[in-house]
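Two complexes, one shared chain (subunit A), two partners (subunit B, subunit C).
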Partner chain A sequence: MTRAMNISDVNPDWAWSPYKPSAESPWDIRCAAHLFRRAGFAANRSELYSAVQLSPGEVVGDLMVASREGEVFETQMQALIRAALASGNAKQLSAQWVYRMLRTPRPLLEKTTLFWHGHFATSAQKVEVAELMQTQNDLLRKHALGDFNTLLLGIARDPAMLIYLDSVSNRKSHPNENFAREIMELFCLGEGNYSEEDVRELARCCTGWEIKRKKFRFNQYQHDGGTKTLLGETGNFGGEQGVALVAKQASAPRFIVAKLVKFFVMDEPTVSERLVDPLAKKLRKDDMNVGPTIQRILSSNLFFSSHARARKIRSPAEFAIGFLRSMNGSADAYKLADSLHELGQGLYFPPSVKGWDGGRTWINSSTLLGRSNLIRQILDHSKTRFAKKSLADYLRQQEIKDVSSLIDWIEPLLFAVPIPQAAKSRVAKLVGSDDDRMKDAIHILCSLPEFQLA
Partner chain B sequence: MRQPFDRREFLGRAAAGSAMVSLGAIAPDILCRAAEASRSDQRILVVVEMAGGNDGLNCVVPHSHDVYLNSRKQLRIDRSDTLAVTDELGLHPSLRGFADLLEAGHLAVVQGVGYPNPNRSHFESMDIWHSCFRKDVTRDDGWIGRYMQAMGMEDASDPPAIHLGRDKQPFALMSRDVRSVSIRSLDQFRFAKNQSMDLKAAIRELSQQRELTQLVAEPELQTDAGQNDLLAFVRSSTSTAINASDQVEQASKQLARSSADYPNTELGRQLQTVAKLIAAGMQTRIYYVRIDGFDTHANQAEAHAALLRDVSQGVTALTNDLKDRGEADRTLVMCFSEFGRRVAENASKGTDHGTAGPMFFAGQKLRSGLVGRMPSLSDLDHGDLKFHTDFRQVYAAVLKEWLECDPEQVLGGTFEPIELFS
Partner chain C sequence: MINRQCVCVVLLTATAVCARAEAPRTVIRSARVLPESTVAFAELTDVKGLLATIFDHPLRQKIESLPSYQQATGSNDYQKFVLGRDMIENLFGMPWREAIETFAAKGVSIAVDGPTRGVAVIVQGDNAESMKLFRDKLLTLGSMAKSGKKVQKVSYRGVDAHRIEDVRMAVVADQLLLTNHSDLGKAILDRMLGDELPLLQNADRFQSSLKTRNAGATGWGFVDVAMIREAGVGQNVFEDQINQPIAELLFGGIQETLQDTPFVSASFTARTERMFLRLSAPHEPDSVDEKRHYYFGADGHGRGLKVAEVPEELFTLSTHRDFAEMWLRAGDLFDERINDEFAKADATLTTLFAGRDFGEDILGSFNPEVAFVSSRQTFSGTTPIPTIKLPAFGVVMTMKDSAKMTRELRRTFQSMIGFFNVVGAMNGQRQLELDMEKIGDDVELVSSFYVPEQDDRQSTAAPIVFNFSPTVGFAGDRFVLASTQELAKELSTAKTSNPNQMADNTAAKLQASILQRVLTDNREQLIAQNMLTDGNSREEAEASIGLLLEVVGYLDDASIRMGQADGELQLDFSVRLDCSTNPGESP
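Let's look at the complex of A and B:
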């Protein structure tokens, strides 16, 4: 076993070089399970066994690309979205997204779309027009693995976002600072990388931007045509130029990379500048095309190292969707969406424009009780199926005869750290393999602190 | 005597059913600590966070000031509509409850509270209020968390702090070793049953086996980055959750109905729960609730009025409720926001992020009335009010005089406490 290495001593070159399996760090199903937990919403046993037949780089490569299967799925989803929109209820949209996460053949695309939903957070609580929320969601998915600058400009003129930030009108007599501030603070640069003066100047650049009849439009009579000085540059900038100037700052790729590393690699500690810099430089070189950066992160030594393994707390979506996907499960999507909301991750309902802080903030007494109860609820619900079977039938098909073999089967699949021996011995004392007994065993195992780690 | 867990009931359940796994002789340590007084005379602090940046100028209104009248053409509140405090200042008409408390000598309004070099980001300013530090230093804990740590509350039998709400736990409550409890609603604060095993007892025991699990963890995943802090955090949080669910379940059984007139809002229900838990004899010292929506960039008037009504009515109902239950004299309510708003209104009938603002306190031992002075409306900093009382001076008074704790180690510096109490 290699001796403890502090994250601050990690060499950035090594960190972001492609991971090569070795005897010390084998590419096994635990390792593949780690990749699928982070790059998507976990994988079932047969997917893991297929993955270890390929190289880690090949598996990540496959996760990046679109497929024929994906197109067919997308057509199905469009029908579901239309039905959800017809209801006019954003909760239906939320359920639709849960279904998508459960079934998608492109889990990385979905995971990254969720990342951007937290980054460009907008809540249906305030926006109220479900259709606009979906337009934004489509935009996030379209550019999720693509060009950040395009996505940023799209969001800057996105009706749902502008409604959310009270910026449906921006007049030259009183420029609206709220929206200008969030672009710099939360979307692009991070607090401390701009001044209050920059906030005011960017607000002036974007004067004349409005939402009328659910659409973005430019009202030139309300545009301040004067000279602005923004982030050290002076000119007669319009909104597009202002936003582009922000995205051009050196702190932009650093801000995005740091957030991606936190999302995909580790909750703690905050990734150092030393580790961020090389990836940020490459992101800039890629013209802010984030796909290659995400691919680098997911293929890296650091990602597969002990600094990353089990160093994240499962988000509610990872917790619930991951549980089901690991066992070919399907469940009542509407109820599940509601539960995610209760656990702090309402899809289409982030808590603020800052999105979800993640990490330790997912965990408190209420959410821990709620997580345990959610597993129970999923197991007990009449619509829950595992590969279209009851739990007992599914496990029998997996050749699980008793609680002991269930523990051995479930551990590499669902757990990022080993289940403590004490817990195993205790649960293994349960006798029988009927549906109720298996449900009870899974209920206990998934209530363990270890199960909260991704 | 209130026991958080009934011994007979516990043993009875453990013995029932052949499938039930025996717990052996190990009784949860919570039983050993059950011998505590049912009623405590310890003081309690209820924090009400008004999130989004409360427009202080339209709370304590300088209704006749020229600058106010000129800066707030759409949003100004007429003198005749305000609830008079002094000749120059009146409360927003929605703050009727606060005005009544003031009349009774139970409300203090600390004016012009802020901090040097104000940050106008919601998130950063809120973090500053919660932690007392700026982001250039590592911030792992909050001021209340450090208070609990300083008082050695990590072994308290009842949760030292309870947060009511569905949002994430406030940063102010974060502590190295003391875990606060978050409760969405009393009804949902319990574990679903497991027929095969006493789930709570099992998870409690397994969550507490820190050292043991470290040793038996399989070496291949015994990480070379050392111990997993996240796992340790989840384990202690799980123990806390299980203990708290027992205690709250017990406390819930003793809840008396209240006659007080709480607003029919989430905040109203949360404050009512606070009163119930206090009356049920929980040893909890801190309760924390949050009301969002004060970020009134557009169409402020109506929204702000509703929010203020909610806060004022809620706090007044809590005060009256606690008075009926004989708990009012040991409870202090503190309302704060991360910043005030710009003096000049914007073009959307709203106001943008500002700086200094008032804090509201309700309680029986306060120096009632206005504390400190109204910030100058003519001497502004980029259109914003200049603070003259550092929020840490306010915390210092609360810590020193109310919670009886040395403020210095909690606040990370010396701050002269304001004169808040009589």
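Let's look at the complex of A and C:
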């Protein structure tokens, strides 16, 4: 299947069938790098070489499961979270998440948590209470690869979300339609799949839901106990039943699958309903359990085809974290978190309830310059280490002796498309000490438009 | 005749007595070859002793046995350092330490010349041959470091002088001269060769400074402040205004002294159990400008407040600062911008203090002696316990009119707590509860406590606010304001010293063993910060913080003192090391 074929002509059965390596489409380190870039935050050379020893399906299977290493890591992360919460500083939480992304042994879980953070966008800018932001983040992570219905209900009653949506009280005299609309439009169904009457009725279902002392509370005296007609069903529904009715709609799995495909497979073009339908049916069949659907996406022919390769623009987190993870890097998480914020992806600080638009909106003249500066900052910062070594020592260990061997080494590791010959020639002409030349070369290469593609 | 003989005997005796009374003149050999225009001079007389103090220190073995030290020595950077060191040792044909001890057997001096702004280093060895050998090795090393750059050789008045890039070197007898300026090099060589030229040794200010030179000191230094001032260098150091209130409070008096003092001398002593540095400068209390009377006192001899030691005492700072005078003299001490800020603060504080002038009525009601105290909180037997455990801190002052001010300050404190509660309630913050306690006949405490919510009551990971229970204490004329009730009680009930002033203007002391406990209390926080800022793994961060705690445990205390003696303003820095078997035993 080549890119020459229009995406609208792609056969859905072929698209979501498991990818089987062939001479035309081999399972090599470029292919594995594509998988790790999308299913996580990229992988280093040794992880890529280990991956190609397995089948693509086995690698995706491994990405789905929790390991013993993950449990130890989670214990360490809980200590970091406690420290961040003790300071009450949301920026420390942001740094903690950057650290988690850099070191997690479960990159798919983290990537999917980031997806849900953009989907159920809530900003610490307004919520202000770090503890509530982290409680929501824990909820997202807990259900990231699990039951969407449970996650949706959790989010609907989540104090941070309700504060963010100005819904700390929902009284029967003034049902909060804003909150009900966001559940249907942004979280579950999408525009055109509900009526204004449905919004009003869902708002009535959720009356009596309040946040008091940073906790969810049901105030029975403020609940509208009357009969509601919501999305074609009539009854004396409470909030939980109302939210479950929304998630039961046929458009719900289609809406979620379309967003998952956009996030994991391609920014553009928007995939057709014909392509979405098989996955939506699967999601419904799995009782809205998103893990198997994500596994199907990441194992599919479409995912490994030219329709998906280099068809996404790296988000700031993918850009910076991916660069470091590819090279076994570690860095000052505070600085990185600040830089992500400046580039438009402040963790715990999404710009609006719609989350990040992603795709081409990540790139403009200012962010392009900012991305280039960020790579330089990472390379020059005294705290940055690559496999606990300086860049020069790390590259020496990788047996990279000159700029030309650096280009050969870095291209399959970091780039989704080949580096243009002109750029290679420009980099080859760099002068200076070995260390500076290598830094300059990496800086130039990672400032190329090609590096912005995932 | 008898009379004439008697006169002669008396004169001879008097001459002899006078001759005996005159102190023997201290002669520094390197100062006898340096020009009179030297603005800064420092010498290490006992290099061997200093190396022995550092490298034969009882703590060295303990530090080297630390896992984090072992880890550091396994790093690539350290291996590179070892490689370089081995190369130098091969070149010199002896271990580096032995090389330094041999070639600098009689000391090392460094000097900065005013007119040329050149720097000279004079190394004094045992004999001319060893110094020539030293020079040759240095030239080889320099040439290697500069990628085989050629050494230029010239002769100056029969002395071989060598140059590699900007560094010139020459050997005269047992002295090796290194300098970065040829004119300075020639000036020193002329003196080394015996020319009768003006010498640093004979300069008046240098001579005066020599009295601060202690024969037992490890190192000694001199800066000709008058010459620097006259040359117009570093004008901002000698300016009248600092223009930062906190810096003014800390360094205003030192700045004042630097404007007049002819020189500053420094004496450094390194011993196994103590490192000590004294900076001294001639200082005349009578000549202190009026605007800095708040710092030194009107008579120039203001002293700090003596306070009793409290349990788990971490830090104390006792000083003489007349805050009221400083507040009222702000117009003389700061520029317009700072004064605008003072005016705004004055208006706000005057409102807070029910219309009483903050500078005159409130600050003016206290004596200028003040002490700041900080202590570790133990939280023994109490909950909630915060995750981040901050030390308690408090300020102790004495009131001029305690009968009047006790009521004023008690009422103001209660009003402020009420104000915080109103503002806090609007922002959803925790509320403070007031309490009053009488201890005996003299001591009265007005305390406030954060009220824990149901979930917080038994918490051992409570929010940071549970470090605080702001309290004021009154004990006779003593006034205490502390961040916790416990510290306020300790400071209020402590026995009054008589006299209640200490000997110096300022004295501060940090107890390392308590600091180690404070850091240990917050170990998890430190590990988390290390992981986030350094990108370390949990294990690496634990090792790094473990090393920090161990190193702090090897300190006993660190202190600073500022006082006056023998017409000098003295600033002492002291660090004492704990060389016991189990330094800084962790709680």
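What we mean here is this: the second predicted complex is superposed on the first by the 448 of 454 C-alpha atoms of A that agree within 3 Å, B and C clash if a C-alpha of one lies under 4 Å from a C-alpha of the other, contacts with A are read in each partner's own complex, and residues count from 1 in each chain.
By our rule, a residue touches a chain if its C-beta (ideal position, glycine included) is under 8 Å from a C-beta of that chain, and two chains touch if they have at least 3 such contacts.
All values reported here derive from a predicted model rather than from experimental measurement.
Applying the stated clash criterion after superposition on subunit A shows that subunit B and subunit C can sit side by side.
Residue contacts after overlaying the shared chain place A:364 against subunit B, while subunit C stays out of touching range. Annotation for subunit A, partner touching more residues between subunit B and subunit C: B. Of the two partner chains, subunit B is the only one touched by A:173; subunit C is not. In the superposition on chain A, contact is made by A:96 with subunit C only, not with subunit B. One geometric descriptor of the composite model is the angle centred on subunit A: between the Cα centres of subunit B and subunit C it reads 80 degrees, in steps of 10.
With chain A fitted onto itself, subunit B and subunit C come no nearer than 13 Å, counting C-alpha atoms only. Of all the residues in subunit A, the ones that touch subunit B in their complex are 1-7, 30, 165-169, 171, 173-174, 176-178, 181, 185-186, 191-192, 196, 199, 267-268, 305-307, 309-313, 342, 344, 351-352, 354, 357, 359-370, 372-373, 376-377, 417-418, 420-423, 426-427, 429-431, 436-437, 440-441, 443-444, 447-450, 452-453. Of all the residues in subunit B, the ones that touch subunit A in their complex are 19, 21, 119-124, 135, 159, 163, 166-169, 179-184, 188-192, 194-197, 199, 202-203, 205-207, 209, 212-213, 216-219, 221-226, 228-231, 233-235, 237-238, 240-241, 244-245, 292, 295, 297-298, 346-348, 350, 352-353, 382. On the side of subunit A, the complex with subunit C involves touching residues 76, 79-80, 82-88, 92, 95-96, 99, 102-103, 213, 329-334, 383-385, 389-390, 393.
On the side of subunit C, the complex with subunit A involves touching residues 76-77, 386-388, 453, 461, 463-464, 524-525, 527-529, 531-538.
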